[in-house]
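So, here's a batch of structures to check.
Okay, so chain A shows up in both of these, paired with chain B first and chain C after.
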Partner chain A sequence: MATTTAAVTLSSDLLSGSLSVTGTTTLMKAGTTADGLNQMRMGRNEIPTGTSFDLLDATAAGIDKANKVYISNESTDTSYYVIIIIDAKVIGRLYGGDWMFLPWNMDDATHDLELTSYVGTNTIEWVKFHENETLTTQGD
Partner chain B sequence: MAITASITLTSGANDLVTDALALATSSSLSKAGATTALSNTTGLARKTTTTTDQFILLNADNFTADKAHKLYIKNTSTVADQFFTIHIDDEKLGLMYAGDWALIPWAATNGVKAAFTVTFAATWATADTAVFDGVTIALGSTATTAAMAILVAAARYPNFTATVNGSVVTFTAKDSNDLSLIEEGAASDDYVITTNGNGTGTVARVAGTPVASANDIKITPGQAVNTIEYMLFYE
Partner chain C sequence: MATTATISIASDIMGGFGGISKTMTLTEAGGTGDLRETTGYSRKKLVAATATNLFTMAHSAVTSADTTTGAKVFIKNIGNGATPSVIAKDKGVVVRVSAVEVGKLYGGDWMMIPVSTVDGEDIEVIPETDDAVVLEYVMFYQ
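And now, the complex of A and B:
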């Protein structure tokens, strides 16, 4: 079984008492403990401003699966940010230094994960853990 | 103050891929475009559902839009096929199975709340009434039009807030998802006045069409009983 572990730690002195939250999960295929997500894509991109780009294309094979996406904004200028969009719905902003880890359900073929860069060219690193991806047949 | 969020993604050699995978990132959760830490949190909360009905976990109206908010959310179930679906408004974001966690940036785009005014005029008298949102206001012995407006604005309404300026009271919905439009005019079925004399209360909607919040975080449990832990860091 492919075993990938995602662990998070959140700690802060924001409260008068200490705040420390941890979470660890093994990335499994939907609804099972017997089989882990067994496919992965990863990359690093420079995202210029002015255009909304598809970072990851949705595929019907990904509907109602347990796919996960990690994105880190590697920009060192904290005023730089990218807006994360799924199927035209704004999810939120990732500023320079921020990262996110979220489930991604490809609800339909238009459920692409998109990015728009602001202030300047943002550099992002990303990993998608998934199942059921079939490569597109050669078109030319 | 500082908030640190760290993630590690690991997989052994010949596991997911031939070589070992080890990614580690640590971030200080800061305010939008700044290096100062996000200053607010909901605290860690826990909610156990009892039905599969969708519900709003976080209402965008309660937070400032377009900041660097981050939501931590976890499915605490230990039964593999138990899941819930997380939505941003009606957009399905993804399925979270037992043990899954996520850290999600959140735009919290606000809606436009419905609002209307009631202009009190002519002569209001003792025992005249105005009824709205389940609240009845009866004018006491200080029988003036301005006094009626003050009483109406001072009341606490379940779904609206009210402010007064002279003899005009402005009502604003507490939730932009409340899109019920109030009937306008001097004889509104929604804002009901009863006077013994010639007192009037004329309803007029505030210009601008109300728009429901399109960025609420909603949860749809995959089964009736689901326990969710979550914590929002916001500014």
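And now, the complex of A and C:
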């Protein structure tokens, strides 16, 4: 079994008592207990302002399959941001220096994960761990 | 008063993948000031496959109802909450933002995403089954 683990450490001194949370998970195929995600895609993109772009296209074959997505905004200017959109719904703003990690579930074939860049050209690094992807037939 | 989050990813799917390690400090939108508000770390046990709000943005505790503010949400599925907690990797909890499905958190999974704190942009969860599942969650905002 392919093994992918994602760990997080969250620490804060915002409260009078410090907060420290950890978590580690092994990324599994949907509905399975011993079958790990076995495919991945990754990339680095420069996202110009003015247009929304599909970072990840939803597909019919991907409906209700497991996907975990990591996105990091590598812009060094913290005023730069991208808006994260799923199925035309704005989720939030990822500013320069920020990262996010989410389970992305396609509940239909239009459930694209999109980005729109603001302030300036943002540089994005991303990785998608997934299952059940087949290559597109030549000529499609 | 800083809040930091560090992610580490390791995988043997692809031989050349060297892993990821990244730390961010949770800051105000577009700036460097620390996020200074939080809902506090919470825990909720769900026992039915019905929708439950984890974060209601119109709640008085979330005062920054503005799209331009910075906010981050962390949610973790810790299993059924028994001692020891039984973590069902094959059972998920759907997470939705303003009724749009983001993804499913299976047993042991966690997520961290930026969110809007605009009223009505609530974050709700729906277990796939009636089996008990416990979520831990926190939001930091400005």
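The working rule: the second predicted complex is superposed on the first by the 139 of 140 C-alpha atoms of A that agree within 3 Å, B and C clash if a C-alpha of one lies under 4 Å from a C-alpha of the other, contacts with A are read in each partner's own complex, and residues count from 1 in each chain.
What we mean here is this: a contact is a pair of C-beta atoms (placed from the backbone, for glycine too) under 8 Å apart; a residue touches a chain by one contact, two chains touch by 3 or more.
All of these numbers come straight from a predicted model, not from anything done at the bench.
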item: Simultaneous placement of chain C and chain B on chain A, clash or fit; value: clash
item: First, second, both or neither for A:Leu15, with chain B first and chain C second; value: both
item: First, second, both or neither for A:Asp87, with chain B first and chain C second; value: both
item: First, second, both or neither for A:Lys65, with chain B first and chain C second; value: first
item: Where chain B runs into chain C (options 1-9, 145-153, 163-171 or 181-189); value: 1-9
item: Chain B/chain C common contact set on chain A; value: 2-15, 19, 21, 23-26, 28, 30-33, 37-38, 40, 66-68, 70, 72, 78-79, 81, 84, 86-87, 89-95, 97-105, 107, 111, 119, 127, 129
item: Interface residues, chain A side, partner chain B - complex; value: 2-15, 19, 21, 23-26, 28, 30-33, 36-38, 40, 64-68, 70, 72, 78-79, 81, 83-84, 86-87, 89-95, 97-105, 107, 111, 119, 127, 129
item: Chain A-touching residues of chain C, taken from the complex the two chains share; value: 1-14, 17, 20, 22, 24-25, 27, 29-32, 34-36, 38, 40-41, 67, 70-71, 74, 76, 88-90, 92, 94-95, 97-98, 100-106, 108-116, 136, 138, 140
item: Residues of chain A touching chain C in the complex; value: 2-15, 19, 21, 23-28, 30-33, 37-40, 42, 66-68, 70, 72, 78-79, 81, 84, 86-87, 89-95, 97-105, 107, 111, 119, 127, 129
item: Sites on chain B touched by chain A in the complex; value: 1-12, 15-17, 21, 23, 25, 27-30, 32-35, 37-39, 41, 43-44, 66-70, 72, 74, 80-81, 83, 85-86, 88-89, 91-97, 99-109, 214-215, 231, 233
